[in-house]
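Shared between the two complexes below is chain A, which pairs with chain B and chain C, respectively.
Showing the complex of A and B:
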């Protein structure tokens, strides 16, 4: 990598990223407003009574009485000053709502992410090393099963086993409420609540990483430089770690980059099944309630994260694989 | 006067709910201080302040922090809450309430007549369409002294006394709202009421915690230390939470009807469907009268006869709820059981459709209409499928459309449907909750108005007569006649008187003690 060109490269990428994010914001805005129904009519529907004045009041309060282009302009102006707006439905600022949910979301997705990479890559490497043996078959079949099973079903089955039958773990929520716990006790309590949802969410990705690692490792293992290394008499374990695995990491990093971009978005399904207070559910509920500001806030943050992680992934390539140059 | 045994028994029969309230005592279980009730709230309320938001879940949670002047038993008879007594002038124009003494808001300020006048005349008038419809008839609201309030009506309004439940006119602190934009006032985020429980903590998406208010006006009450509402969005997870003892109670729509029979079978759970009489929810198929051939009364009657309402109540709702007999919920005042909508009769239905000139084509289909299913849970999807089967039996093809809440609300309000499902609360009185669905003056592009477009001048006239008459006998006469007329016009296909199961651990006592059930303040609920 030529260090002198790096700042210019980064600046260029950041400008592109900003344009992409802005375009996403505008697209989201129109998509969301194209959905039938508005927050006022939904509140009226859920309150069981309504009159014209009620709807007018709500629409005025929510700013929905303004023309659409005006609403878009106001929103863009807000976003450019990093003000994500205010959810009138929930009487709270969008930033505060997101901020509230962020720790829970990152805890869940982060735990699932690390779990998936660690177990997935290990499983894939093991399978590749013993390709064709029974342990390879077991790992491949397991990975395929995780890959093909719907998340919510895995979640429910885990709950049935660990919460209902064995009574080891709580079936929902992020922590015990209404009990006094020491700091350590609280950490353990959250850990117990985290286990099942993180496992559920992670299993799918375990399968992805395992399959990816196995396939690329087998591909790399056939290449000349590996044969050369072997001919030089490099020990097998070292070949695997230094030569094969490292070269097989590129697709894994690509996929990890994609997954990392989604970390902040949470997972609607897993959060719903386990009543985990994350951003995925916030977004889903905002969608159903047509809580435009919240939904656009979530979209904005996730798109920023995706763009950012794409950039980081590109930079990481260069670190892992010296052949890739930043340009 | 000697009280005969028979007289005593009659009194007991007339007061089933008071008896139920005392049931625990009768069984020798003494109220006990302490303990936390963990239960569920679903869906999560957007805000917790009553009035600012009046959705079902908000009312249930906020009903512990706020109180109304009155509460009501299952027969809709008023009982004291913040008002200890009340009088109505003989001309039916003046209502005087005497307030309980020493009532404090959670911030320590005393609750006075000024707060009551403010809540009724300003707060709810500004915020709630339902309150506005009735309180607009108040000519004057006067704080006579600190503990006496008088409302003077411009004309007699017989159902007026039904309007003082916490769910419609909770008493809010004037000092925290007056002169501000009510929706943006700081007190909205931190509700301050007079109820037995005060707001403690709300972690969105996670739980709401209410704690005991030590200065509550009833001495030694409430019994519980805290109530925790967990937010659990998935119905199967809710059921598991209850079964595994992680929560002690569920209510409203928490548990899908098809899960109730298994829970009923468990010895440690009590399953009650009482406690919805004050609301009187009635479910129906909404017909859009602007869509042919639904404008033809013979078609509407035929479709009514094609549906087995017993099946719906027994097999889809598993006995939670009763088949509807007509436009009035049987708990609603002036219900007349003699006006009955036609029963299940496929042959008569086919004959009527033939008579209407709708002959089956080669595939046996007479006509095709759309049906937008109600997006309020799995059971309504099953209902839509059942209706399709039912109508198919008489040669009517129902095309199902799945929509989300936003789409359903908008399309129903804009009359953009052929048929859909709807259920409305009747609020105990035909003027308060039935009239709005049938009178032609209320044909509007707004939800819960007369969206079907049904119009009959005679029906309009009778509802007006029933609304304006001061004498209950005159009202009964008008409403009996209106029920007969409606049953013969079949503007809607009435399906079921709904109820919702309250399922709780038997250690919990006094859960349902009024016609508003789990919306009550829970100041008498205890664990033993």
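Showing the complex of A and C:
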């Protein structure tokens, strides 16, 4: 796209992202009020022994004695100043809890994403080069299999194989507890703990990206500029890398953006299986304790992550593909 | 109809899928006769491995029969999958038809709404909904429907956009038929085939979603389900692998069969497309 129009494009995207985030906050607000029972006791956590004074304090904080629009305003004001509430159960602010767990989740989802892209695109490219051979069918079968397998079950089966039977890899946590390790040792230790969760979360997307890459590469390979390159005598390997694969990456980028929400949803399951100390595990703990403040914080935080990720892929797309129109 | 069957049967995977699916449905229907009594009751020693004490899939930590749990769980999985898909179809067709038929501002509003639901992490929303409305079969169906209607709305909208300017629709408009009659009598029947294909895939993902929710402890506490079985086997996987392995295989086979049937339906309803694909691959 033309450089002069880029700021307008960026501004449009930012406004859109802000609207989505705002809508999520409103959604959270109405969920509390749609739930059966007293909003104050829901905010406090149902199964808790919420005492009368705490409930009173919550009523004042959320303005529950005021009209609905005032309550919404108070809630919005709170969230926009990053006050996501207080977890009575964990005796910490929700924002602090989320902030604490964010790095682990980013590490897990990032590793899974990179693994899926790297292996998936390679497999897809190979399959596209040898259409109709066994490697082609292997990808179709793998994709069907991983579409149909529950993520958490894949995790458990990997634990059964690599931790219980073979005893190669640790089955839970993010690092070994109670051992003194050098800095490199610590990194290796985290890497060892990361392997199974990232593999679990990434496997499904390997199949997805492989299929997508294969389909778009076949499509691009038919186009005129590839024929031109071939007619010019450009070596086949170079055509594949510079002309075909590069163009085939565009749908992969778009799809990565669309899938971001699913990836983060999946991380809740994977973190639960592997006791990975991230936001997903926090959500599971909050679920067990019926700690709704934390759950809503998780919903807010993961949504913001997805919106940001979409923003990045949109911008990346606009930079990579000059044909994208500014709208 | 004969042509439909022939095209469906040409896809061998689809036939295998249909057979598996029928077996699962048969198990679900026959569960009360195959395994009389409640699947929650103790049937033998705790942690009996498969094949021992007449429990061919073993028992769990409280001596409950895993096979009975899987058979009774099939009822819940299929029921939740089917009902939540119907609810999602109603929402998706309603919104998609409105957007596609009316166009303009209505289209804009509905599509922004749909985009919003496609952006937010749907699984997290489902968790939140079930947790806040307390886990019952009703809230689970509701939560799954709320997060799975967007693709229906998109497909229906696209179909309506292309169909509404066709001659047979214009003819109905000239004849003075009401809008509702045109939408349900003329356009919708012609948009059915992509909806049918999509719904078999939706049942599959609803079953996966239900199992994930009950794995996290958000299942209906009165109903046995596959996700619950795997969830309760998670902490004892070192001593009782069968508790989590077999229910997972049940989910895998059911979801796989639905996906295969979906592909077969797609081939049978768009025979031209299917032949093209065969030619290309």
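Going forward, the second predicted complex is superposed on the first by the 262 of 327 C-alpha atoms of A that agree within 3 Å, B and C clash if a C-alpha of one lies under 4 Å from a C-alpha of the other, contacts with A are read in each partner's own complex, and residues count from 1 in each chain.
Assume contacts are C-beta pairs under 8 Å (C-beta built on N, C-alpha and C of every residue); 3 or more make two chains touch, one makes a residue touch a chain.
Just so it is clear, the model here is predicted, and its values are computed rather than measured.
Asker: After the superposition on A, what does A:91 contact: first (chain B), second (chain C), both or neither?
Answerer: Only chain B; A:91 stays clear of chain C.
Asker: Of the partners chain B and chain C, which touch A:177 in the superposed model: first, second, both, neither?
Answerer: Touch status of A:177: first partner only.
Asker: Taking the superposition as given, does A:122 touch the first partner, chain B, the second, chain C, both, or neither?
Answerer: In the superposition, A:122 contacts neither chain B nor chain C.
Asker: Which of the two partners, first being chain B and second being chain C, lies in contact with A:275: first, second, both, or neither?
Answerer: After superposition on chain A, A:275 lies in contact with chain B alone.
Asker: For A:135 in the superposed arrangement: first (chain B), second (chain C), both or neither?
Answerer: A:135: touches no partner chain.
Asker: Quick one: is A:266 in contact with chain B, with chain C, with both, or with neither? Answer first, second, both or neither.
Answerer: Touch status of A:266: second partner only.
Asker: I'd like to know which partner A:55 touches here: chain B for first, chain C for second, both or neither.
Answerer: First partner only.
Asker: Report for A:66: first if it touches chain B alone, second if chain C alone, otherwise both or neither.
Answerer: Once the two structures are laid over each other on A, A:66 reaches no partner at all.
Asker: Taking the superposition on A as described, I'd like to know which of chain B and chain C A:156 touches: first, second, both or neither.
Answerer: both
Asker: Overlap the chain B and chain C contact sets on chain A and report the shared residues.
Answerer: In chain A, residues 35-36, 42, 156, 159, 164, 272-273, 288, 290 are touched by chain B and also by chain C.
Asker: What part of chain A is in contact with chain C in the complex they form?
Answerer: 20, 23-24, 31-32, 34-36, 42, 131-132, 136, 144-145, 147-153, 156-157, 159-160, 164, 218, 258, 261-262, 264-266, 268-269, 272-273, 283-284, 287-288, 290, 292, 295-296, 298-299, 302-303, 306-307, 310
Asker: In the complex of these two chains, what residues of chain B are touching chain A?
Answerer: Spelled out, the residues of chain B in touch with chain A are 36, 38, 43-44, 46-47, 52-56, 128-130, 132-133, 183-184, 188-189, 203-207, 209, 226, 228, 230-234, 236-237, 240-241, 243-244, 246, 404-413, 424-425, 444, 446-449.
Asker: Mind listing the chain C positions that touch chain A in their complex?
Answerer: Contacts found on chain C: 116, 118-125, 127-129, 131-134, 204, 208, 211-212, 215-218, 227, 230, 233-234, 237-238, 241, 244-245, 248, 251-252, 255-256, 259-260, 280-281.
Asker: Across the complex, what residues on chain A touch chain B?
Answerer: Result: residues 35-38, 41-55, 61, 88-92, 97, 100-101, 104, 156, 159, 163-164, 167, 170-175, 177-178, 272-275, 277-278, 281-282, 285, 288-290 of chain A touch chain B.
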